[in-house]
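Reading through the structure tokens given below for one structure.
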């Protein structure tokens, strides 16, 4: 089928390629003319036969803008799919706004990263059965082969919500492996840490794709010497903990993983300065003076 | 090759079967005559040609006893392999004791649970190159096919240490999925939680064998209604946190997972009683009186 | 000086009494005629000489309503003080709205609970120097004697923000004591736990008012047998963690205390059901079936 | 009464002074002749009338040695008190060894730090009623005035156990304040953080001695600019978490505080290197390269 695809960065570009390999006709638009199939958004829309399906794959900061522009260009019966990392709370108002123009809306959480082109993308979709059906051939082409990798999670908002929780879990999984890795490295027992981690990739309870990637990383750099212990966060981890707070769900593991990222970005810990100050006050414990 | 196998329970019984399918001659002994190939431990030893290799797969409480008995029966040049959940600190003294009798020793962490018979077992081995070489055909038969599932982790103790860390990571992974599951269930956004979890099995960053199992469990019981939120722990999780304390490694995620298991076994939380008492004292906050 | 006081519940009633003892003229209004000094809000306002100072001490759900009504009754130059548990984000818009009517605004975090009548109330104030000066005699009467117990924390919003962080810390402190209490009770070493806790009230590093209260509670009920391990939360703890997320501040201790409250209110843990399900799947570990 | 006091460092020296002010005769011995009242341990013992009471206040590494030497010098009916930071597990074997020589033993947890000279020391004592009675005048002089500051916690071991839990709680309290401090500093709402913290010293729920000390520290250095966010740990925090693991007590707050200290001593976090490596592998996320 035909698809308009807005945003041809690391994710969108690969998705265009995977869809084309599956025989779909993709008209891609990106502000970068090197990537774009057409000079402008209107050109993209003009090339599509009604009813049109447009997939947006842009940074969440420009999603609303992109939708504003599309509203000008689309007609009743068209369908917009937001596959970016939008916050789930924005989906319902957005769907209602589009419904006022007779335009359908689906929110899709997309997982898989740079590996999606070859492996397929995990897709979690929110919206009506009717709208999902319109885009099903696209989903079928993007998802991995086999029984898994696609879910119609619920009404509008459910796709981004499911993706948010996916990413929250991802934080926890990554940190569990990371803690185990650090402990193995710290202990005097295991002399070949990369070999142990490689071995875990099969037969064990903890085998996973993330473990495969950890093995890959250790193959390239067995002590991870080239990296700083520093990690950004892209929003979903924070939203996950915020949702846990709203819903009174204990989330110790995922929040600890999130806080570890925060700490990784600090030059020094103000909290630990306070602890050091207190220890100094009551016990005359030795403190480290700032020398910078 | 020939192997004496002591302990034919859930793990040992399946390992015997997997080894026999691979063409090895296994003489198994178990106190339960229904399972045992021979009437007694001495009979097992008598059936093996020197130098013998004996694999012990018994509960850690009886490991030391079993080794005492084997010392009486074995000769210089024989090799004992402990594949049970022994604590890593016991391995070196045990190896030294056996070395005094000229008997070799390997400690092996075995992962894979009830699925090992078909999938193969993840094996982490501690000991000398020489001893590992003697048992390599056995390891090759037990491990899964392919490049992974076996590591010579280091000297004696490294096998059980690696398995301990494996299980610590396992705690963290399980709890990360569990938190995500609880949040999805608590929220009003995703209406088909099992479908989302099933979809994650492919294409996503968080795909793993544990996730496959969670999907299996939800297929059988979509709300997990039949289960109590209760979990024992078998030692390795505790040892992992103890090691983190010894080595000054921050282990927030794995320890939170361990503590959640502790809490799951409490009828009521004494700590939360104290919190309730304090709130009552300073604020006249409503408290729940005990009615049992 | 003269003060109009709206809300004469547990907190407001005691504050009226403390202010009167200090010689101030307090006209209190409460919907409950048993408590109220006047039949209606308008009567309260009518009794005050301009420029008036009105202190609101009502549940946060009705604060905005109360302010709406007061705007109708007050004049330019009057001052409203919100001493309730409002969320800090609401203060600035509220102040701007009132400024449109020429009415000043202060937000005040009030600590001390039911003990404030005798001990005085800890006060954290947000607003302009000018408005703070207008109410200073009231603050001086409400605060404890001595050098502490009052701070002009910053511009509008700072008072409720400081109180929010105060309560977040309170969660952490309470849970630290609670964990220590539980450990002492669980261990076989200390045979007189209440005596140890009582002893800590003087000379130790951990002496505090909360510890005094814990001792009080244990005097009345040495095993806390009468209480359920159950605790509500009133908002500030959640907001504290949300702020930590917004500002990328690691908050492991306070969030763990908050999550423990959430867990205390669960009949069973859905997360631990998932853990139990996973253990059952991979290891055939014994699980507890639901019998309710 | 007469007391032999071994160890005249920061703690022991002040205790000698406090005891003398109370009218007790203290013969102090320290390897440092500047501090010592006598040239050697034997001289100290020789100056005491039987039955003797000897208080040991030495680093835990030399406690056992000190006791070995004292056994040579003491007689049946004498009493040794260990007021140092010994681990509770050592107390019972030590008491039994001393009992073999007819020498009594008390283990005493001593809190109060450098402030104990003026304020008195919080004392938690383990041992028999009979032995406690022998040293009661010393305890009465060391403890603060008033009803609190002394407990006979239980049999031998209970004193050090109670002190261990005291210190575990101390870790949690300090970190709760520290987190609140960091959040106040990070937020744009409160413009005078030291003023807020000072105000909390009276009237609030979170008032405590540690808070007084935090105010003191901020008076000297309002931004804690002179300190590094670095803290050692002296053992009791680790033992507290180890005990929680042994007894299956969830200890999220105290363990998070301990782990924060561990993290404060790391140049870089190996765990966060692993997280960064994983993010790089699956998402091509930007990583920080090591430049040192």
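So that you can tell them apart, the chains are marked A, B, C and D in the order they are listed, and the count of residues begins at 1 in each.
Going forward, a contact is a pair of C-beta atoms (placed from the backbone, for glycine too) under 8 Å apart; a residue touches a chain by one contact, two chains touch by 3 or more.
Protein names from UniProt, one per chain: A, B, C, D = Decarboxylating 6-phosphogluconate dehydrogenase.
Being a predicted model, the structure only gives us computed values, none of them experimental.
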{"item": "Shortest chain-hopping distance from subunit A out to subunit C", "value": "1"}
{"item": "Comparison of B-D and C-D (more C-beta pairs in contact)", "value": "C-D"}
{"item": "Duplicate of the A-C contact set - from B-D, A-B or A-D, the pair where over half of the pairs recur", "value": "B-D"}
{"item": "Separation of mean Cα positions, subunit D and subunit C [Å, integer]", "value": "32"}
{"item": "Separation of subunit B from subunit C, taking each centre as the mean of its C-alpha atoms, in whole Å", "value": "47"}
{"item": "Between subunit B and subunit D, centroid-to-centroid distance (C-alpha), Å", "value": "38"}
{"item": "Set of subunit D residues in contact with two or more other chains", "value": "113, 175, 177, 179, 182, 186, 205, 210, 244, 248-252, 256, 259-260, 263, 269, 271, 282"}
{"item": "Of all residues in subunit B, those that touch subunit A in their complex", "value": "88, 111-113, 116, 119-124, 126, 143-144, 146-155, 157-158, 161-162, 165-173, 175-177, 179-180, 182-184, 186-187, 189-192, 195-196, 198-211, 240, 243-244, 247-254, 256-257, 259-260"}
{"item": "In the complex with subunit B, residue positions of subunit C that touch it", "value": "10, 113-115, 174-175, 177-179, 181-182, 185-186, 210, 213-214, 216-218, 221, 224-232, 252, 256, 260-261, 263-264, 268-290"}
{"item": "Residues of subunit D touching subunit B in the complex", "value": "205, 238, 241-242, 244-246, 248-252, 255-256, 258-260, 262-263, 265, 269, 271, 282"}
